[in-house]
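Both complexes shown next keep subunit A, but they swap its partner, so subunit B is in the first and subunit C is in the second.
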Partner chain A sequence: MSNELAIAPVESTEDRLLRLVAGGWIFLLLLALVAIFLVLRPAQFGSAYNVQQLFINAAILLVLAVGQTYVVITSGIDLSVGSVLVFASVVSAKLMLFLSGAGGTTYGTTAAGWDIIAIGTVAALLVGVAWGTFNGILIAVTKIPPLIVTLGTMGMALGGAQILSGGVDVRAMPELLVTHVGSGRILGIPTLVVIATVTAVIAGIVLHMTRFGMHIFAVGSNAEASRRSGIPTTARLIQVYAISGLMAGIAAVMSNARFSTTTINGHAMDNLATISAVVLGGTSLFGGVGSVFGTVVGVFIPIILLNGFVILGIPPFWQTVAMGAVLILAVWIDQLKRRLRKRG
Partner chain B sequence: MSTPLLEATGIRRTFGHVQALKGANFRVMPGEIVALIGDNGAGKSTLVKILSGADKPDEGTLRVEGKAVSFTSPLDAQECGIATVYQDLALAPDLTPADNLFLGRELTRSGLLGKLGFLDRRTMQRQAVEQFAKLGVQLKSQRVSIASLSGGQQQSVAIARAAMWASKLVILDEPTAALGVVQTQRVLDLCRRVRDAGTSVVLISHNMPQVLEVADRVHVLRLGQTVADLRAADASVADLVREMTSGQAKELAA
Partner chain C sequence: MTKTIVSVTVGLVLTSLSASGAFAQEANSVALVLGSSGSPFYQAMQCGAQARAKELGLSLTVSAADQFAADAQIPVVNAVTASAPKVAAIVPTDMQALIPPMRELAGRGTQVITVDQTISDPSILKTQILTDNKAGGGMAADALAALIGKKGKVLVITQPPGSLAQDAREAGFAATLAEKYPDIQYLGPQYQSNDPQRAAEIITSTLSAHPDLAGVFSTNDQGAIGAITGLRQAGAVGKVKMVAYDAASAEVAALKNGELQGLIAQSPSQQGAVAMDIAAKLIAGEAVKPVTMAEIVAIGADQPELADKYEYVAGCM
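Right, the complex of A and B next:
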């Protein structure tokens, strides 16, 4: 009997390259898009203003998509993110308006100070966490499929927001919030972009470097094995949906600041936009695989496509068509990768 | 004779009208491989579940190193140094071998970063490589996911994992059922190395030549009772078949 007692070899360069290409093609696609638009319209596409607009447009969606990444890695889905954003923004805006003593029909900006803004922000985050925890408990404890639970809470949160606001957007935000967060800058960088970057970096570190993050991957990869290994799977699932809710709360504050109004009817597609960004970024709908960096790339692809098409004078409707095709391509490649892996 | 590592006596378990176990006995000594065989419906799975803490007997006693124990969950058994590798492996297919070895027992860094839950991947990776080397488990890469490994390698990782955390006894439920010839041989080698490293092994198997090749002792169950406890060196496949199909329960020599 041959006793080859070799120590397991480390990964070869070839393997690493393969993995990079398999996992990084969407990043290469993003670079290619940027390069094409830069070559065709360097002045417009590469202008400081345009680049800044790209990042600002990505900021709110990115925060939502980061939460969605956590959820999808557990092989779940969160359809409620856009509605929770709306609900949190209405609660936050109403509260700030009430605290600043202005009437409910005030239009424009209020003179509310940072104290009121802080209360409004905390309220938005708490409301987001509350919806997320509600989702998580229904999914992890009562074992109702995530698709159904979050489809339900999507309706409940949007309906709830409309009940609270009477169906009319709250159109007055604190002046300070709008000028400093909505259109303000920190060290020359738009505040919204700073918030999104910090959120994504922290989320990435937690996901990829901590025990909590490892548990998220484990639960998504094999929930039963995780449970048998002593990982508190129920608690982890609830926490993951709570984080997605928290992200919706953060995005709600950003949205209020940016648009100076709640946007009740503006987030119906957020769930699908975030899910497609997450999937484009290489996170598997089957769970267990994914990265925050991939999601960042996935968020930028539709935004760059739309921007480039507009600059090139291609009807922007084509962006929707292109995005649909890219999304199908992304899932197809994910499945190919899985099949290759099984064979190897 | 020294104290058995794990001893089950007079185990009875009834499901409705079905008497799965009718006073089965089982014994594992330190540092040996014991095979547990029996025809379908002989009560092997039920006995394994009871030994691993996944099920409770209606009657009978379990002793670990002479002390009576009562397992209410697999975690209780694990705390007594007993781990079970089930047929469905219980690995996370998308994680690396090292991550799987430490699943649920991740090492964190020292100091503040550790308190924040930061993983000490370098130490986990190093200990994983050491564990695989100690047991002679060869993997084409430490960094790929479990799903890209062959069935035999996956099985090896699962066994290495159990052996890493079970200081005393590893129970393997049909570890070679789905494997080819070469991979089966590797897994059997692994069983021997686990034993040689000081951890006893209980091997549940249908494959009698294999059982005789690797085990030190063979326990035969028939219709919920222990009908034979043979030294593998003295037994033949014909003996095992006879005991499995027509063996009578009798008092076993200690």
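Right, the complex of A and C next:
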């Protein structure tokens, strides 16, 4: 057991400084963006309303991106997150519709109680974990590259969701889910934001403060060395993809609640959005380096950019240009960091 | 880059799947190539076509790529060409790019018709079933203008330029506003690619910049779902009037709930059925009109029965 500690990344002062500068760089960018928009449009950008909307808009993507962070730290990639979300939301919604009787007080809702919602939620989480485990087994045991495996399951999960639903969004959601989770509040904070925050905090603690989390970093920086030091690398990899699937399951419930329908065709870009958030947050695509906090920052960058650009009235094409530029810049910094480290 | 690989690979996989089922060569074989799989609109079209084909005794094979894109659809059309049906009804996803594969299809003796969309060279076609999306956009402008008392700020949520139908809807909307409603301030289009998340962000951000926003027009169902979510999130449902294209289940429910006030609906199942009628006529050697216009209706908040009638359901799936 003692040799596990030996593979924990030992940082020199210089390394730590580099990591802080580079890792904090994107946070500085976020602060700069906020400052610029605040100066230009203080009343609109800084309003309580706007800030709250920013958090709600980030919630679902953040949950998905947290799972993606785990995967990318193992130097993997999960392209299937959006499709697994859709699959889980269809299964969950169909199950809840099947179990509920009467319609709700508004159209497109049912009068299902919390018991049925709980069943639907558990179903979504289980389905997510199942897809994630499937990904993990194919990647860790059969050694097919993650890009290919998750590309395959991306198609399988989306196609499966379309088969289950006939390609048409499930027509009704429990009214309680929509009003209390989708647009509800807990102690004045939007429920979706509460769920995302709790999820991110737990994921951050597990990743940065437990032995399990340390194993994930170890597997990502050197799988062979980890295996030789007694880390069950196969199991860890499977668990990491299962976690990503679990996050997609949680996000599925949030998405059902928020949009009050299954949005089957609406998640094709989720995988790239989460990967860019993770990369923006300083997590290395080569594995072994990363943080949940960075990902939180990475999720907010595009959301704040879009928000600020819309408020300023900048033509929408520039949003696309700006996002692309920021992403490249972030990866370039990552490369610089590695080069510096090698030289050191 | 990743996205390209994703779409192409998935497209190829689906193509080979759909192509394997398409070797019918009977005297009454008909192929229908949809714009994309997994869209309520095209699912409904498929159901309409299948029901009518059964009535008419046609042997119908339906195929589609997973994305509404020419590069994904061309292999599907090629596969249909290989199966040599008597009639092929195609929803071309691009006016130009689909011309060569469709010309080859026609050159091999298949009678080709277009449904919903068309190509810029109709000479290789027997007939076209067309939707006037520009007129539909204009109808949306009229409906929204009436809802907001012909004045105030309006926003459009649409796909990024390149999708012909959606571009035409936005253009028709903008043209009608400029022509007939001088007191309406058009804030311009904002783009989302079938991404309700993004549409919700656009709505909440626009409300920060323009708290007096009067109306929103979404050119498709995913944009509408996101826009409604954004309005709900901002507590602006009913205050900001909304008109949306299509009649997906979620939109019909939103109309009945008063979350949006108008729908511009097409009848995809009827388009599918009309395509089969025309196919049967072509096989029988009868003459067909060169152009059939597909129906577009504006549905108001006070017409829930009409919304039910036009709702995009895929009852056959």
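In this text, the second predicted complex is superposed on the first by the 318 of 344 C-alpha atoms of A that agree within 3 Å, B and C clash if a C-alpha of one lies under 4 Å from a C-alpha of the other, contacts with A are read in each partner's own complex, and residues count from 1 in each chain.
Keep in mind that, in the parts below, contacts are C-beta pairs under 8 Å (C-beta built on N, C-alpha and C of every residue); 3 or more make two chains touch, one makes a residue touch a chain.
Because the structure is predicted, anything quoted here is derived from the model rather than measured.
Asks: By residue count, which of the two partners contacts subunit A more extensively, subunit B or subunit C?
Replies: C
Asks: Just checking: does A:212 make contact with subunit B only, subunit C only, both, or neither of them? Give me first, second, both or neither.
Replies: Touch status of A:212: first partner only.
Asks: Touch check for A:288: first (subunit B), second (subunit C), both, or neither?
Replies: The first partner, subunit B, only.
Asks: Would you check which partner chain A:64 touches, where first means subunit B only, second means subunit C only, and both and neither mean what they say?
Replies: Neither: A:64 stays clear of subunit B and subunit C.
Asks: What is the contact status of A:125 with respect to subunit B (first) and subunit C (second): first, second, both, or neither?
Replies: Neither partner.
Asks: Between subunit B (first) and subunit C (second), which does A:242 come into contact with in this model arrangement: first, second, both, or neither?
Replies: Once the two structures are laid over each other on A, A:242 reaches no partner at all.
Asks: Once chain A of both complexes is superposed, is A:226 in touch with subunit B (first), subunit C (second), both, or neither?
Replies: The first partner, subunit B, only.
Asks: When the two structures are overlaid on chain A, which partner does A:117 contact: first (subunit B), second (subunit C), both, or neither?
Replies: neither
Asks: Identify the partner contact of A:157: answer first if only subunit B is touched, second if only subunit C is, both if each is, neither if none is.
Replies: A:157 sits against neither subunit B nor subunit C.
Asks: Spell out the part of subunit A that touches subunit B in their complex, as residue ranges.
Replies: That would be residues 1, 3-12, 15, 19, 209-212, 214, 217-218, 220-222, 224-226, 228-231, 284, 287-289, 338, 341-342, 344 of subunit A.
Asks: Note which residues of subunit A are touching subunit C in the complex, please.
Replies: Interface residues on subunit A, with respect to subunit C: 41, 44-45, 47, 49-50, 53, 56-57, 60-61, 79, 106-109, 151, 154-155, 158-159, 162, 166-169, 171-172, 182-183, 258-261, 263-270, 272, 275, 303, 306-307, 310-313, 315-316.
Asks: Sort out for me which residues of subunit B touch subunit A in the complex.
Replies: 74-75, 88-95, 97, 99, 103-106, 108, 116-119, 129, 132-133, 136-145, 147-148, 185, 189
Asks: Under the stated contact criterion, what part of subunit C meets subunit A in this complex?
Replies: 2-3, 5-6, 9-10, 13-14, 37-40, 42-44, 66, 188-191, 193-198, 200-202, 204-209, 222, 225-226, 229, 232-234, 248-250, 252-254, 256-257, 312-314, 317
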